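Note that chain A is present in both complexes that follow, paired respectively with chain B and with chain C.
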Partner chain A sequence: MEEKLISHQNMISLVSDLIKANHLVIGQDDKSIGWKRIADAAEIKINHSGIPSNVSYKEFVFAKTEPIFYYKNKKDDFDLVEPNLEERKIVFLGSKPCDARSIEIMSKVFNWDYKDKFFNQRAENSIIFGVACNYQDEFCFCTSVGLTPTTENGSDIFLVPLAENNYAFRIVTDKGKDFIKPYEKYLSDGNSNLSTEALSKIKHPEKRFESEKVRKWITGNFEHKLFDKVGETCLGCGQCAFVCPVCHCFDIVDEECNYSCGRRMKNWDACQFGLFTLHGSGHNPRDNQGKRYRQRIAHKFKYYTDKFDEILCTGCGRCSRGCPVGIDIAAVASEINFVANQV
Partner chain B sequence: MNELREKAKELLNAGTVKVIIGYAESTTPNRTKPIIVRTIEDADKLVFNKFCVNNLAIYLTRKEYKNKGTVGIVAKGCDVKAIVQLIQENQINKDDIYIIGVNCSGVVSELGQEFSSETIATKCLNCSVRTPHLHHTLIGAIEEMPKRNDHNFETMQKLEAMSSDQKWNFWEAEFERCVKCYACRQACPLCYCERCIADKSIPRWIESSAHTRGNFSWNIIRAFHLAGRCIGCNECERACPAEIPLSLLNRKMGMVAKKEFDYTAGIGLDTPTLVGTYDVNDREEFIK
Partner chain C sequence: MGESNIYKPELMEVTEIIDETIDTRTFRLQFKDKELAKNFSFKAGQFGEYSMFGEGESTFCIASSPTRPEYIECSFKQIGKVTSSMRRLSVGDTIGFRGPYGNYFPVEEMKGKNVLFIAGGIGLAPVRCVIWNVLDLRDQFKDITIVYGARSFNDLVYKRELKEWKERKDIKTVVTLDPGGEVPDWDGEIGFVPAIVEKTAPKSENTVAIVCGPPIMIKFTIPVLTKLGFKEENIITTLENRMKCGLGKCGRCNVGNVYVCKDGPVFTYAQMKDLPQEY
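Let's look at the complex of A and B:
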């Protein structure tokens, strides 16, 4: 790993060059709602000490809606047309550690049996400028899922805010190193003592639960009333899944333009919806909200861990912050820890 | 607080109600969350304060409670509007609910914030039902309510002054952020259809894709379905992760209903619903 230094002014020049080079630079929007394509380098906002955006940036890798092919009916046959894949580099600017790992985590499922070329192409083209996070509220729990506010893993470049609007510029991966080569003029020599000192001042959220305990407990407590209790007030609105940086379920639907043509779309979906598991027969194996909430917990802390050795959660706290009825996933996981400890 | 808890215990003990839908303290400050109280023990968790923003009437149409004995509900005036509307629309039976009305002096717009004249919810600003207009028992006292400018109304006036193209651009930019999670629908006490038009696929009326066309058709159709029915609790807007100002649409519809038909949703228990009645003298100048 190499340590460099960049001033805020040089950061703007760097972003300006990246935009000129036709890279997609993705930064957080002004209102902290979501992320957008940056058109003007002067508007960059590296959010290291503010609340995470409502919605994560996953839509730029795993699109909220996209065509997977177009079709045209002929007399006895049909033509399929493949959509164009995004060729450009996608630069995520100022990704907190709880976002920076999201693409790696989702990559596991998108490459498990079927290789999802839409996701993969964009994931490969992604360059993640992570930033050490100096924000913490009652919903943050990255330390309960194996991350910290200073985790570099997941970032290609890792920024550490220093005094006078400077950033320590740590080159974490080879991908980051190759990418930044043409722009080295904006970097000066770094001093790892300064960044190490800055990092040591960052307070880590208190660990709220043991993820491993949740994983083990679920196996023998599938029908536990704890899930029904959450399900009682859960509205099944699915905002938790839609704002989550690693929830990745999708639905496939056809959209006709008229009788002779159309396109097949891949759209975000969520396990909190009643329709998600509704069979054509009318049977629904997850026929109440408690079972759907159990699926959310089990997928994040058990199934994904069992299968891919990853926790499907980065502790960003978005789902809990945004829940209209105040369901806090870390509180539920803590309660499971508490119940598990009783036995 | 004690008044509320004692009343709840009394109702449960006497068997007047089987469950009470209310608010409980959250694990984090300046927030509350809904609670379903079935035991005397749980009744001690009930609270009412400035952070009770949720409209709990959403739970009344759930099949767990429908036709299964009397359900108690802690309700502010705005929540009672939803209850009245649900009764008018024959979704709940008046005799199956017991309303623990609470005198309200405003709630926060977003949970987690301190309550002040800056953060008081838009729905509170012109509230006419601070004492719930329908209740079986009444709790608490009316206190002075903080005041602020109605920014939401100011935005609406700006919108009204816009040309069709400008309006289109405004909403296109807002709907652009829609992720089609349908949290607006799920949080709405009046979106109770067992099968929503958005979920129907043969034929598909509303595309589920979160592109411009899909987002417009969803949000506009939802606004129309709530025309003359929306009671203005703004739960849709609060639930929206993309912060789309849905209240602007709903409030406009409500104002048209008031102006053209002198009708306000959720107020008169014996008034027939606006969209459920027809009069040859109905005005139609607003149809363009």
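Let's look at the complex of A and C:
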């Protein structure tokens, strides 16, 4: 790792250069709702002490909706046409540690045996400028899932806010090092003592549950009434999956443009929807909201961990902040810890 | 970047259409790309995603045998958007296919053993591919018994083949109809599959049982097999769950942490028993 220093003014110049170099610079919007393409470097906002945006930036890597191919009707036959994929570098500017790992985590499933080129191409083109996070509220629980507000893992470049609008500029990965080479003129020598001191002042959220306990408890407690209790409250709206930085379930749907052509789309889907697992026969293996919520918890803390040795959760708290009926996933996991400890 | 598109199907031509029952049809399909047709191979029990462009994809097993690689067959019931549009196809029309996906029946390990096939209704489709696989290599297997049942005479699928199997002297074939489902000149058995299995009482020694059918049939057949002395790892069945990608990514076909599309669809009863009730 190399430690450099960058001033806010130089950061603006850097972003301006990146935009000129035709890179896609993605930053958080002013109202902390979501992420957008930055067109003017002066509008950058590096959110290190504010609330995490309502939605994560996963849509720039795992698209909300995208064509996986186009078809054209010919007489008795079809032409299948590949969509063009964005080839530009995607720079995520000011990613909190709870977002920075999201692409790495999702890439496990998208490369499980079969490789999803739509995800992979964008993931490979991504450069993540992470930032140390100095925000926490009652919904934050990154420390319960193996992250902290100062985790560099996942970022290519890691920024630490210092006094006078300066940032410590830590080059974490080789990918980051290669990427920043042409722009080194904006960096000055860093002092790791300063950034280490700044990091030490950041308060970590209290650990709310042991994820490993949740994983172990689910085996043997599959039919536990705890899931039904949460299921009774859940509306099945699916917002939790859509705001989540690592939820990756999708649907495949055809869209006819007209009689002669159309396209097949890959769309975000959510395990909380009743139709998600409905069979053609009418049978539904997850036929109530309790079973669907169990799937959510079990996929995040057990199945994904069993398969890929990775927790499918970054503790960002978005699903809990946004839930219209106040279901807090960390509270459910803590409840499971409590029940598990009773035995 | 050179990665291929795992979601893009290959084009196949419908070369034959067979009506099995009033709402079930079998398609015989051949790849349009001659090179692909030559190199395509699969194993008994694997499945594919069949596309109707503009309608979507549906998941069916490959119902034909891997010993006949020049074509694949699928049997489907008209039930939704994709299958309804598939019913409108004629010979010569085009369909999309992705596959083969999933695991397969342990045909290699079954060599030198007796095989007992038990199927109910449309559940004969996945069993049929193994039956033909075994029959095409007949001398490598010992006794072969087929027990097939359906609700009524009109619900029997692959009728021509049932006749052919019944006439063969080197296999034992028992076809049964649920009470009330028979027709006047019915010469087969009458009764539910589990009872007929018990009556036929095939020996369990050195025998593998392959069981596919409605969950209720499987539920009552397994105790009969256990009573006959079949070991849990010698009872093999398939699971079906809603799928979209077939590739272990879209996240809906899992039963606990087992993905039907990748870890299945073929499971032994020993494996099934450990799964949570989520199928």
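Keep this in mind: the second predicted complex is superposed on the first by the 343 of 343 C-alpha atoms of A that agree within 3 Å, B and C clash if a C-alpha of one lies under 4 Å from a C-alpha of the other, contacts with A are read in each partner's own complex, and residues count from 1 in each chain.
Assume a residue touches a chain if its C-beta (ideal position, glycine included) is under 8 Å from a C-beta of that chain, and two chains touch if they have at least 3 such contacts.
Just so we're clear, the structure is a prediction, and the values are computed from it rather than from any experiment.
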Combined model on chain A where chain B meets chain C, clash or fit: fit
Chain B versus chain C as contact partner of A:114, first or second or both or neither: second
Chain B versus chain C as contact partner of A:279, first or second or both or neither: second
Which superposed partner A:251 touches (first chain B, second chain C, both, neither): both
Spatial angle chain C-chain A-chain B, Cα centroids [nearest 10 degrees]: 90
Partner chain(s) touched by A:265 [first = chain B, second = chain C, both, neither]: first
Which superposed partner A:325 touches (first chain B, second chain C, both, neither): first
Touching partner for A:242 - first (chain B), second (chain C), both, neither: first
Touching partner for A:34 - first (chain B), second (chain C), both, neither: first
Partner, of chain C and chain B, that touches more residues belonging to chain A: C
Per-pair minimum CA distance [chain C against chain B, superposed on A] in Å: 6
Common interface residues of chain A - those touching chain B in one complex and chain C in the other: 251, 253
Chain A partner contacts - residues on chain B that touch it in the complex: 26-29, 31-36, 54, 58-59, 64, 111-112, 177, 179-183, 185-187, 199, 201, 204, 207-211, 214, 235, 238-243
Complex contact set, residues of chain A against chain C: 68-69, 71, 73, 76-78, 80, 82, 85, 109-110, 112-117, 120-121, 124, 222-223, 248-254, 256, 262, 264, 266, 269, 271, 276-281, 285-286, 291, 295, 298-299, 302-303, 306-307
Partner chain B, residues of chain A touching it in the complex: 31, 33-34, 54-55, 59, 64-65, 138-139, 232-233, 235-239, 241-243, 251, 253, 255, 265, 267-268, 270, 273, 275, 321-322, 324-328, 331
Residue numbers on chain C that touch chain A, as the complex places them: 1, 3-9, 11, 32, 51-58, 77, 79-80, 83, 92-94, 96, 240-242, 244-245, 247-257, 262, 276-279
